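For clarity, chains are labelled A, B, C and D in written order, and residue numbers in each chain start from 1.
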């Protein structure tokens, strides 16, 4: 290690010019960080029971040796190298070392099946792969015949690989040691490496991120070094991230979010990224590290909340009462306090007490005590969920983005947080809404193109250089923030030409705890109508409290009082829809509550619990007809699969309700 | 509830293996140490409540500290190594009488040759007293290699009765005083005289803190793991290369050493002058209760147990008094019997690991608050 | 001849007092055999039984009833007290501790000891109460053979007789009665006994009751000898070496162990004591026990401990 | 299939050989004149119906039982019996049929206890826990952490073992044995009472141990599938007598073995 540091000091002059804040490649940033904050932690990894820590100087030293070692194995400028594994220092180091040589890292999801892996590796034409362990080696070996270009694999974890044929296999440790020896033996090597670093340009391809292919094959999003760094700089400044921050790297490395947060922003701001010990210990590790900057998809937040609620169910009576009481206090005052709005004194006092008794300890056990900025993105987050975390005093914000933008398109500034918008355009991002309602943007971090796919690249861009997001949205009138309503291709039009965003409406409905599923119809129709599923647990407990007797889901779903209640929810949804002129026309006129729960076993939901709108339309055709022909009820008979696998017929007479719409704003518009 | 552990991560094994790995605990510990080392002497010096009289220092804190020390010693043997001992009183006695002998000069006539050691200063006397107790411990620990559990407990009683007899009948140990009672030498440490209750308290405190620290280090080190291994599963312990001979005799020796030192302190610092009865089998049982109630296999438990066993009679005496219920001294002593006994049964049923486990559970609850587990 | 006579006298009186130790030790063995509990409270039970007996007896006698009525009423009352204590101990202490390891059970009986000692004295008083159930005068034997004869205390002889009757009674109880056989079954295998349909709590209660009655018998003898007083609880400590030598699980072992300790103690005191400053019977039994243990860790009659892996 | 061919191993050097060993308890003969050897680096299975004397054999090998006849040669030294800790010192480690962990200690401390033979500092140093004592403690902690990593039990390292599920306890016990860095590892039914997934994990660990540390392993196992997959050579005992010895394939087709197993439902 001392050898490396001395070496680094000698080389300082050579790269000093590039290692300023104006560094335009990640290797130059690394050199910069190793110079200005040599002794600050750069990476931590819970390994062998403690948080092993690399300072920036250590990291640079190791990455340099690694790069030299990789070069000696034959990796050179312009080559692609696959990176497969969990969040571990050596995996991030592989990305850095490759970039130092001017090679292009291609991270792949560690849990990808061999077939997906083969596609990406073949498409990216990788000659090298840096992988975590035996599992990944086995996967790649199993598809070796599809990867004729693959020459060498380097691995982090020796376990189980001892007996493998090592002709094409190297331990990363050995590669680094080899590089270190080379650096020590020949001063020219260091000089050569400095030149390699200096030779990197901002316009170079920095990384290729393959988007997970929900539709068809995945596409390789090519990002330039300067683009990545500029985008990261903007957001680092936006959220005032510094080298005092800590983040936990637990998201898949192939996902843009991880590369953005735990690589680009880390290198720009110089903060420390911590890698968990093991998949099973991630929650514990989160608790230990206590990150100051936290990023998670809504799903993670939801799981976390569910876990809290389930655990609290097991608490003693008094503790449970206390917990729910103060969570109630937080709901009333928490967000207002966080947003700096006026709050009555007794509210503040109660909140302070709750802070001591519940919020702070709760954040502590979740590992969120030190969070300064937290983001959620990826899909719409329920307002209750969102405000739960915010009411605890956690600065949770939303952002909207995609791989093609190198993540950020919009993000919420402190103090302007709304659960139903994703914020204004991020710094230096230009957003335009197409006539079709599609959101278009131009940003510093926007991608260069899809790898080896000019046709798709063209398809994704407008003629004047904006990127099509594929999402439909509009700017909220009051706040000026962007609202994303749906995938652009799913947005339909009512017969009068009004925009009809089904998922947007469905999500709004589903945010009511009493409503479990919603299916909205309206495309090429006169008005919007929805079919609903009530949530048996929520409505069931409501029924108990209100002395509503029922014997089955069907009975409860058809109960007039339930209809009344749901009608109020729908009306409220209408008011929310009416608040914006873009959606005001898409208010719900009629709804019905289905006599049975939508079920994946009946093909009505996908296995990931998404509604299959088309299939449902076919299956419940008589009901849809009734929704639009004005009848007050309709008969339906469907085949159902019971839990034991038997099939049977379920017939029912389903009532249909009309709902009042809110006319005011429509007039105003 | 009070813990904020998020962000307290360990980057070295030394930090990870610390006795108090949580920052809040370390703060609490330093506050406690500051209070006992500075606060209490100050309060006592200025006679601020509850240190208005010397009673608290002299009659509660000093015996508490000394018996805590003895309980730590017994806990090493019984709690950590799993060797039940009913003979701790004897080892206290050895410590006390040997320290007395070393402090007043040893003269052993051996076949006409007299082995004689001049009177030693107090500190070496006390430590040598402990050493003699350790040797006694080893001798009476030898049966532990062959016998286990309750049989061994009975064997340790042999030590108790034997040494009771020795110190009552062998007048050499009492320097042939006519009454059989002996007086402690003047307490002088490196030129400093220890006389007032505050000084006595400080002396005991230093002994206890140092020994507690050393004992804690021992029980979390290799030897401590050997002891616990023998306690938990002696066969498996032997098969991973632990020598029962070494581990058990070390436990007897170290335990007896600490108990011996405590015995010497009890005699020198607390009693001043004493008779063999001070170290009777009642003392052995008292110590055993302390470690059971406090928590077997816990240094902290030794303190909690000692505090409880000492405070209980005082409470039983004071509480009816305060409530205006007249209770005779005799009744109080019987009440102490009943309550102590009942508490032991109750604790064994409810929490066999004693107060230390209750404490740990409470701490765990606080750490996990608001989670129930 | 004088010397031999002396030795014989010491030996016989030792043996007879050993029998008295055995009386206490028997209580231990009964409970240990059936429940695996090493009952440290046996001494306290002797105290409780003795106090209950002597106090009720005195009370009844004071009312002017004839002595034999008082004795019968007193014994009945003391037996009732022992029954109650057996029930309470089983119900509130050992019942909840079932399936705990031996050490825990042992320590719980120390707790029981303290409660019993405290309660017994609080309820019945903490003085010394003389008890006169048996003759205590001396008896000279074989005057024709040894000059001055062999001096014996009649009480010791009574004690020996009672112990003999007791052992015989217990043997009958264990061999012939259903409960007795069940007790042996429990001793062998707890779960087996349960599967035959014998409630374990009932068994334990009976065991503690029997031990309590044995304690009552011991109390009559020891109470007559020393007066009923607190120091009678130290008998428990005296009985421990007896147990060690005899083995925890053996009824004959308890008797023979008692004989060995009694005789050894007396002989040592008389013939070794003077050289060592006297009073060695205080610890001699223990050292003897220790020596036995070094050669037979399970005692002379105890079951062999086989270690398994 | 495992890398080294069985024939290579058969030709290799024996780390342990058992010659004409007989062991009796009272009148019952647990082992009767059994001889076999274990070669360096192999995985050797000892199988047989219940009561065949398998566990007794392991107990003889690591000194817990002292045979009445016969010799054991371990690493060139021949003796009739030894003390268990001598066996441990010599490099024999062992796991038990019914997990024999130190219940009151954490998983970490259990494995640390396995390092006891490698630790040199005396009790005075340990008491002070400074300088060399601390360095030693840390060095061994590191070694133990490598084992924890190897066995993938990071999540439970500080949990008291009594609270762990059975499968994990078995893993911790293996860890404790590995911490001794043994030359010969005796596993007594390492997969008893496990579900399929746990069995697969354990098999993988056993192969990895053999592979990674080059440890010679002798194991008793009931699951024949596992035995056939794992072991290089198998010795079959029945009623204390050796009835077959050879590669899994040889043993499988041995008539005596088939007969012995026919009596027992498997």
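Assume a residue touches a chain if its C-beta (ideal position, glycine included) is under 8 Å from a C-beta of that chain, and two chains touch if they have at least 3 such contacts.
What you are looking at is a predicted structure, and each value in this text was computed from that prediction instead of being measured.
Tell me which has more C-beta contacts between its two chains, A-B or B-D.
Answer to which pair has more contacts is B-D.
Which chain lies the greatest distance away from chain A when centres are computed from Cα atoms alone?
It is C.
Roughly how far is chain A from chain B, centre to centre by C-alpha average, rounded to an integer in Å?
Here the centre of chain B sits 59 Å away from the centre of chain A.
Could you work out how far the Cα centre of chain B sits from that of chain D, in whole Å?
Taking the mean C-alpha position of each chain, the two centres sit 42 Å apart.
Go ahead and note the Å separation of the Cα centroids belonging to chain C and chain D.
Comparing mean C-alpha positions, chain D is 49 Å from chain C.
Hey, how far is the Cα centre of chain A from the one of chain C, in Å?
Going by mean C-alpha positions, chain A sits 77 Å from chain C.
Mind pulling the residue numbers of chain B that touch at least two other chains?
13, 235 - these are the residues of chain B that touch more than one other chain.
Residues of chain D that touch two or more other chains: which are they?
64, 96, 100, 141-142
Find every residue in chain A that makes contact with two or more other chains and list them.
Within chain A, residues 46, 49-50 contact more than one other chain.
Give every residue of chain B touching chain D within the complex, in rising order.
Touch residues, chain B against chain D: 13-14, 17, 214-215, 217-218, 221-226, 228-229, 231-233, 235-243, 250, 254, 297.
Quick check on the complex: what are the chain B residues that touch chain A?
Of all residues in chain B, those touching chain A are 1, 3-13, 15-16, 368-373.
Where on chain A does chain D make contact in their complex?
Counting only chain A, the residues touching chain D are 46-50, 158-160, 162-163, 277-278, 280-281, 284.
Quick check on the complex: what are the chain D residues that touch chain A?
Within the complex, chain D touches chain A at residues 3, 108, 141-142, 145-146, 148-150, 152, 154-155, 157, 204, 208, 211-212.
Residue numbers of chain D touching chain B in their complex, please.
Against chain B, the touching part of chain D is residues 62, 64, 83-85, 87-89, 93-94, 96, 100-105, 109, 112-117, 119, 121, 123, 126-129, 133-134, 137-138, 141-142, 176-177, 180.
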